[in-house]
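Two complexes, one shared chain (subunit A), two partners (subunit B, subunit C).
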Partner chain A sequence: MMKQLFPKQHVMGFIFSLALSVVALAVITFDMSYKMGMGILLVTALAQASVQLLLFMHIGESEDRRTLYTNIGYALFVGVVTILGTLFTMIWGYQIR
Partner chain B sequence: MKVDETLPLEYSTEENQLKILGFWIFLGAEIALFSTLFAVYFTLENRFGTGPSAQEIFHMPPVMIETILLLTSSFTIGLGIHAMRLGLKKAMMAFFVITLVLGLGFLGVEIYEFVTYVNEGATIQTSAFLSSLMTLLGTHGLHVTFGLFWGTAILLQVRKRGLTPETANKSFIFSLYWHFLDVVWIFIFSFVYLKGLMVL
Partner chain C sequence: MDTHHEQQFLILNEPMILAAMISIVVGGLSIFIGLTYFKKWGYLWREWITTVDHKKIGVMYILVALIMLFRGGVDALLMRGQTAMPENGLLDAQHYNEIFTTHGVIMILFMAMPFIIGLMNVVTPLQIGARDVAFPRLNSVSFWLFAAGAGLFNISFIIGGSPDAGWSAYFPLASLEFSPTVGNNYYALSLQIAGLGTLMTGINFVVTILKMRAPGMTLMKMPMFTWSVLITNVIIVFAFPVLTVALALMTMDRQFGTKFFAMQDGGMDMLWANLFWVWGHPEVYIVILPAFGIYSEIISTFARKNLYGYKSMVISMVAISLLSFVVWAHHFYTMGHGVMVNSVFSITTMLIAVPTGVKIFNWLLTLHKGKISFTTPMLYSLAFIPIFTIGGVTGVMLAMASADYQYHNTMFLVAHFHYVLIPGTVFAVIAGFHFWFPKVFGFRLNEKLGKLGFWFITISFNVAFFPLFILGLNGMTRRMYTYSESTGYGPLNMLSFIGAVGLGIGFIILVYNLYWSIRYSPRDESGDPWDARSLEWATHSPVPVYNFAKVPKINELDAFWFAKKNNESLNDEPYEKIHMPSNSGMPFLMSGAFFAAGFCAVFSWWIPAIVFTLLIFVFMGLRSFEQDHGYYISVEEVERTERELGGDKE
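And now, the complex of A and B:
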């Protein structure tokens, strides 16, 4: 019964997520450059988001999966352009002057 | 209504499939919403004026508790959907109750955190940094709060009507919403708290 209620994949995904959160803590426990820290955070955050999307949200299991991937891909594109575009005009461009 | 027995209940009718697709499109809009809030925060995070900076007000212990609570709740609702697909109504309901209790715990710690900030003189009106921070955290917290009511309503329906194509569909869509809130929190945890506490 326990085996049936706690599928191995889900348990592994959960442990993996917790481990990634602990790895992300490295950026405040160890002395490192800004670039290195941001790199670690990007990798751990994107990996965790992928676990949620692919494993827990079952994005790839229905027949319209291509529509879902396109939709989420487009939303992420809009999000990245919003954030980087804002930084480009409000922060990075300003500092050059 | 045509019910396809080979698919899980939540996908078993065309209407159900379209509702799930529709909810994914809504989540796309939510990604855009939170992106704008992150963009505002990244623009203003160093504009703290005479108020406290991120380094001064962020404390990791409550943030770690929030992270573990939300991460665990995301796991338990995943188990709830898994149990639902096995047709185990009681187990599914138990996992959903655990999820909502963990969500309530998260909200409690977040409210405690906000009260601590205000007591330290860091209100939403103190600086641009705090306005953008509290708008971002508040929008996420509001989503969690709404999720608690929504999840409770769905639980009551499942208890009353059992696992039908309708209630299974609603439960599955709620699980998508809950996982999405966990994803947003991961980005807040990484790029608000950890980034803010990085010693440069």
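And now, the complex of A and C:
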């Protein structure tokens, strides 16, 4: 009975998100290389976003989760294309300085 | 610098603008007096300004689009008139710059977009058997924000001066340094306001189509127009935020002294072109995909066949929607990229021709062995296929980066995108206008006048734009306001001008047809004058406020068509009371505040701009605490309305 009432998922999610925030904070408290810091931030950000979506917003439990996943996939596609594409056209592949 | 470059509040020293100003004042006054004399203010407020009915909002969108088509068309005629002869003095350089800028912005954002969104509004809820869109109040906000943006952009030429840096407003030309008038402030703020409305439309229609389809209508049983609307709105939701950010940065650069697009201090002028086209290329598909949907409906209706290759149509539209986000750099091949960038974007650009080609073949195969009836909308659709293909093939020519160094910014490019956008979008919305007109108003437009208009528009279009291909290959660049006789550009430009006049006559025939049909066209009692296939034809024309007395039940694509053939009913159950959203004046008033805030911001009058912006938030706050649960239409009233309209339809 107690087991069913206890919001295990939420508490786990809460602990996860705190832990992830602490790890992300480590990037500025500890002296580390730029690449290392960005790497840590990227990984913790992705994990944090999944925790929020899956454990708190219950995206996988709704009836139209396929629509939601498609939507997130599309948004990721457009976001990544816009950012990487801009870097590609304007910095990496740009000839005139 | 000649006299009217200088900053002035009212533009009074240019006779053409002065004449326009006087006619606007006279026109406005006569409308005001007319409304007062015939006591129509109450009617206007109750039935139109405060409406949340998707059909009426759609009609208002289309009305504004037609007015903008007139405005943009007059601009086009002036440009073609100016270039019709070498060394012509109709317009000076500055005025010419303002006119081609205005023409581009108006035709894309204030004509094509609202025409498409208007048809979307009228047709989509009917096609999916819904009573309205998902968020009717938001829909009204969308329309009025669009109207506020369009109004703000249109007053620029009499108050303060029009933008003059092209519809793409490239930096550094559009920066404060090189465009010191308020013109480009208008550009940034009016597009910002109208763009907010469009973004809301996008969200509204995605939700409507995903959530409000009639029972039994799975995604793969939706009419093709609805599919195209869904995909278009997904693109809107993902592309418009980029424009919002870019325009905000533009305003910051021009009015707050930031350096995002500056050439020094760490800024990058090319970043504007980049961001503009990250939005701008998907935008091209936002105006063309619904057109593909319109053609699909019309072609299958008048070929009396179901659409060939339904699945491949859907897949190719999804493919186009993804590809549309990865081709933007082809708009600036010549502006400093390396071979790698240009090669990648060449390939992605050519890839888009594949799904588009699939669609062309699907239409041809739908026509194959069909029982074709040559109505006005069908004529536009048939003309679209070959003309659009010319536009597509020249597009593939332009897609080759190395060859583009020859074509870039020449009249060849101008000819190409008019060959894509006019048959693609303009023919489609005119065809859709003829096709769905009887649904909204209960009578058809005259076919004879419609066909006359069609022939005028199609032939004149080719006369106006085909010469531009040759002029471009001969080296005439776009946006040049005049040229010397020795270039030899004169005769072909004159021919193009003659075509432009023909297009103007075609437009007049279109409007005359509207007038003639309102007065004399016989009323349509059937609700299905074309013997068509999808659900919007299953209810009465004009459509009652609740759309369907009983929500239809669907088990296949073209369910209405098969129900007609088998004499079946789409719903046998008794009437129920109908829940409807109530009208509200708040969207209109709120967009009035948007307009005022935008206008003050254009001139950097910050205190009134802040006051009006706060007013916007007051309206939003009021809305949050408003208790509005809509209203019910009783069974008796539904029965009475249905009897008056000629009996049960389903």
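We take it that the second predicted complex is superposed on the first by the 83 of 97 C-alpha atoms of A that agree within 3 Å, B and C clash if a C-alpha of one lies under 4 Å from a C-alpha of the other, contacts with A are read in each partner's own complex, and residues count from 1 in each chain.
Keep in mind that, in the parts below, contacts are C-beta pairs under 8 Å (C-beta built on N, C-alpha and C of every residue); 3 or more make two chains touch, one makes a residue touch a chain.
For clarity, every value in this text was computed on a predicted model and none was experimentally measured.
Colleague: Tell me which partner A:Leu18 touches in the superposition: subunit B (first), subunit C (second), both or neither.
Modeller: first
Colleague: Now for A:Tyr34: first (subunit B), second (subunit C), both, or neither, which partner does it touch?
Modeller: first
Colleague: Quick one: classify A:Thr67 as touching subunit B (first), subunit C (second), both or neither.
Modeller: both
Colleague: For A:Ala45, select first, second, both or neither according to whether it touches subunit B, subunit C, the two together, or no partner.
Modeller: Touch status of A:Ala45: first partner only.
Colleague: Does subunit A have more residues touched by subunit B or by subunit C?
Modeller: In the superposed model, B touches more residues of subunit A.
Colleague: A:Val78 in the overlay: touching subunit B, subunit C, both, or neither? Say first, second, both or neither.
Modeller: Both subunit B and subunit C are touched by A:Val78.
Colleague: Taking the superposition on A as described, I'd like to know which of subunit B and subunit C A:Met57 touches: first, second, both or neither.
Modeller: Touch partner of A:Met57: subunit B, not subunit C.
Colleague: Is A:His10 contacted by the first partner subunit B, the second partner subunit C, both or neither?
Modeller: first
Colleague: If you stack the two complexes on chain A, which partner ends up touching A:Phe88: first (subunit B), second (subunit C), both, or neither?
Modeller: A:Phe88: touches subunit C, not subunit B.
Colleague: Intersection of subunit A residues contacting subunit B with those contacting subunit C?
Modeller: 64, 67, 74-75, 78, 82, 85-86, 90
Colleague: Which residues of subunit A touch subunit B in the complex?
Modeller: 4-7, 10, 13-14, 17-18, 21, 24-25, 27-28, 31, 34, 37-38, 41, 44-45, 48-49, 52-53, 55-59, 62, 64, 67-68, 71-72, 74-76, 78-80, 82-83, 85-87, 90-91
Colleague: Which stretch or stretches of subunit C touch subunit A in the complex?
Modeller: Checking each residue of subunit C against subunit A gives 210, 234, 238-239, 242, 268, 270-271, 274-275, 278, 322, 325-326, 328-329, 336-338, 340-341, 344-345.
Colleague: Going by the contact rule at the top, pick out the subunit B residues touching subunit A in the complex.
Modeller: Per the stated touch rule, the residues are 11, 17, 20-21, 24-25, 27-29, 31-32, 34-36, 38-40, 42-43, 60, 67-68, 71-72, 74-75, 77-79, 81-83, 86, 88, 91, 175-176, 179-180, 182-183, 186-187, 189-191, 194-195, 197-200.
Colleague: Note which residues of subunit A are touching subunit C in the complex, please.
Modeller: Residue positions touching the partner: 64, 67, 74-75, 77-78, 81-82, 85-86, 88-90, 93-96.
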